[in-house]
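Chain IDs A, B and C follow the sequence of writing; residue 1 opens each chain.
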Amino acid sequence: MHILTCIKQTPATDNVQIDAVTGTLKREGMAAAINPFDEYAIEEAVRIKERVGGDTKVSCLTMGPPQAEEALRDAIARGADAGFHVCGREFAGADTWATSYALFKAIEKISKEVSPVDLVICGKQTNDGDTGHIGPGLAAWLTWPNVAYVRKVEDIKSNGTGQGGTIVVHRLMEDGIDVLEMDLPAVIAVIKEINEPRVPSLKGKMAGKKAVIPRWDAAALNISLDHVGLKGSPTIVSKSFRPSMKTGGTRIEGNSPEEKARKLVEKLKELKVI
Amino acid sequence: MIYDLTDEQQSIIDISREIGEKKIKPIRMEYDEEEKFPWSIVEELRKADIFGVYIHPNYGGLGGGGFELVLAVEELSRFCGGIALCLAASALGTFPILLYGTPAQKKRWLPDLASGKKLGAFCITEPEAGSDATATKATAKKDGDYYILNGTKTFCSNGEAAEIYSLFFSTNPARGARGITCFVVEKGTKGFGFGKKETKMGIRASSTYELTFDNCRVHKDNLIGGEGKGLFVAQATFDCSRPGVASQALGIAQGAFDEVLAYGRIRRQFGQNILSFQSSQHMIADMATAIEAGRALLYSVTKAMDKDLLAAVEASEKSGAFVADELRKGSAKRWTKESAMVKLYCAEMAMKVTTDCVQLAGGIGYMRDFPIEKYMRDAKITQIYEGTSQIQRNEIGMTITKELAKK
Amino acid sequence: MSNEQSILSIPISPETHKDVWVYAEVRHDNLIPTVFELLFLGKKLAADLNEKLCAVIIGKNVSQHAQTLIDHGADKVYAIEHDHLEQFVDETYAKLLTDLLLKEKPNKLLLPASTIGRSFGSRVAVQANTGITADATELSINKEKGGLLNATRPSFGGTLMATILCVRGHRPETATVRPMTFPRATPEPGRKGDVVKVPVDLSGFKPRERHIRFEPEVSQEIDISQATIIISGGYGVGGANGFNALHDLAKTLGGAVGASRRAVDSGWISYRHQIGLTGRVVRPKLYIAAGISGQIQHLAGMNSAETIVCINKDPEAPLMKLATLSVQGDLFEILPAINKELQKCGFGAK
């Protein structure tokens, strides 16, 4: 079977800088890495490959600036077989609608030119956008069934690349677990609980360095410029700002734990939170 | 510092660091406290191809030399010197086979050691034979195609965990030092057992065992390097393995230094950050300089050694002769002095640096809730095993005297 | 026409879209509490626009909830009801809601930022060719821009707030709304409203996604996403047994137990309890953090709590500085003392 993970290169730091003029994230010079949630997606794809065996292969797809290619090489180091890069100035500023559309067009191309994709795995969300929209959005374009917040792949049966099969997954709900079965091809978005990602292997790293990664712009994907990037996005960020952080709270002092506890409970009553 | 590393070497560092950061750091205190062997990390190192970095590709390794091994051990030791020992001790057990193994022996054992499927171990020490290996009492008596092993070996790192043991027995007690022979004994061989598990001051995640031999029969195909050649095998092994101990020491020093800086950045006393006191700055300067000096010495010596070693390994793959013999055939000199210098310097440096790190962190440094004291406990062993610092000085001094005599 | 073409050819005509819609999520026969928060918010937005507030509800026997929704402010309720809809299945639910949106043309659509809402909202948004904002915490009508929806949301783990606008006329402007962010609508029993039973024809539809079973969470504890009080433990708790002190206090206060990533990764408590960037985002009235230093990843999950209490040995811990009230000390002394003090005041008594 052919498993494809969608990954994103995101800032590896929590100390984000905001451009005072544009109000957007300053990405220049910032250390970047694979979005941490996508590591679970890559790991799950590799584990399914190890489980299913045969000629199963794992491809990785990203959309991003030229340097995002590093994330694909890193994914190969972590067990993926191939990487594909959607890249071009025209994609800049894409919201989740335009991003999922571009990724969908790339998946169509991969299915046609490489081999039909049976399963798309996304991370739960990115650590910079936090939306979680791409997995379900891709499913809408692909017209495939999808499940998000997957904590376990219970079973997967493939009838060969592009030949169908089924997957049984566990979805983490607020009140328990929903177990769902889908026909392949399908899309899942996975959460942290699903696995513990491996560290790259030396052989993987070398393969990652050597891999030839195709780079596709809008023309290569046959996408109208009306539907890409900022111009093709239904939504825009009209402003961004740092939230005011709470500081300067009150320190509860006391000579014993009991005294501290009493003063704290008094305060909490004053604040009417208990 | 830029050390002109190849892509492979940089990758070894990156991968080892990621294993250290993500896998070792969260468990090291627990493994130290409970003296647990780090099987979960062995599995990570296996998956990452780290066990084979210094082994020839014909056996599934990366094809690097001692330098590649040193890079991995240093990086892992930054996070836990005890856990890193699972790799370094396995290499120590592998070197006798690598240097003095016949083509058949190499084919038999190296692939599993390179993949990490099996761990190696090495043991020459006995209750009565520590620094003085010539006092070896354990015996191997010839019986047809077999040898019968009897006696006790102590302080075996990776003991019980390892499958493949390089061990030293006297085949001819009358000949003393020239009667010592190296054998590979596999775990599970009848008559080969494990005695006491040692409890230690540091490197507590590493297992240290007593090995017992009670009429243990091994085939003559397990004999390494020839009867009576044991001390040559051991010496050649130490030449290759002492930089491994040095890299463990270096990593421990670097790790303690990283921790103390991270703590120092947030600790304030007398209204200012503790790192801003000049007394602290001088300590930091001395530590950073000593660490970098150790690294420079270690890297330059291992790189120089590898030039000869890799050529000899390649030649041995073609000729079928021992790597050790190919080493002697070439222009190669012996590396005893330099490898002793590297181990001596890095071990002494690590002890000093980790002690100073505890000092700089004050009460916090001494507390077992924080990792700094553990680095100090772990550093101590590097001054002791594979030849104490005193033995290293002997080796260096003796070599210099011999060199003078030749002039 | 391919699916892609049919999405792209959905006309952009904002002037034909009216009313504020709320997706009234039903989970195991009950409306989830966030629905009432959405009704509160939706009422306000609808009043600002001078439009109606409508609720849409999907499931089996769901029209039983129609009057409740009307009581809480809905002027109209669309009930998509069918025996096959007992369980939430993305593919089927998304198809039915999309069909209704394309037919009825609402102006705004709010969904709970619950597991269901977040998963299915984003699929619906693409299928209906519109823009969506995830996990919004502030929503208002932008009067200068002709009544667009200002949807403000935290991103980058809460370190950056972004206001999203759907400027190119795509409708309905859709947002998922973070639970516990808005007050709940107060009911007016007997309020009048319309109930529209949407005809459902699933005869030609062959679902490729099937719900097999539900495994309820066995513990009787309150779920952190719905709790008004959370007692959360970090690495300082020291082990699984250490969490007992937190459970005791949670019981007295009627709260839930949360945990930091380090506590979960150490295997002391299950992932379900994890709060933070890689866990869940909570917004309780009271958040008591015990033995949590307050790494940015954790703060992302709880920094919008109304009142934060931090108990830590280390006075320099980041969370000690951020907390509304901080107590320096050993959590194993302080927590039982608080528990005792509360019990003295009558908390936890049955």
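Simple rule for what comes next: contacts are C-beta pairs under 8 Å (C-beta built on N, C-alpha and C of every residue); 3 or more make two chains touch, one makes a residue touch a chain.
Fair warning: this is a prediction, and the values are worked out from it, not measured in the lab.
Chemist: Tell me the chain pair with the top count of C-beta pairs in contact.
Modeler: Top-ranked chain pair by contact count is A-C.
Chemist: Can you tell me which chain lies farthest from chain A, using the average of the Cα atoms as each chain's centre?
Modeler: B
Chemist: Roughly how far is chain A from chain B, centre to centre by C-alpha average, rounded to an integer in Å?
Modeler: Roughly 41 Å separates the two chain centres.
Chemist: When the centre of a chain is set as the mean of its C-alpha atoms, what distance in Å lies between chain B and chain C?
Modeler: 55
Chemist: Give, as an integer number of Å, the spacing between the C-alpha centres of chain C and chain A.
Modeler: Taking the average C-alpha coordinate of chain A and of chain C, the gap between them is 21 Å.
Chemist: Which residues of chain C touch chain B in their complex?
Modeler: 262, 265-266, 316
Chemist: Quick check: in the complex, which residue numbers of chain B touch chain A?
Modeler: Residues 7-8, 11-12, 14-15, 18-19, 22-23, 44, 47-50, 53, 62 of chain B touch chain A in their complex.
Chemist: Please give the residue numbers of chain A that touch chain B in the complex, ascending.
Modeler: These residues of chain A touch chain B: 198-203, 205-206, 209.
Chemist: Which positions of chain C touch chain A when the two form their complex?
Modeler: Going through chain C, the ones touching chain A are 3-4, 7-8, 27-28, 32, 87-91, 94, 114-116, 118-127, 129-135, 150, 153-168, 170, 207-217, 223, 225-226, 229, 253, 271-272, 274, 277-279, 285-286, 296-297, 303, 306-309, 315, 321-330, 333-334, 336-338, 340-342, 345, 347.
Chemist: Show which residues of chain B lie in contact with chain C when the two form their complex.
Modeler: Residues 26, 266, 268 of chain B touch chain C in their complex.
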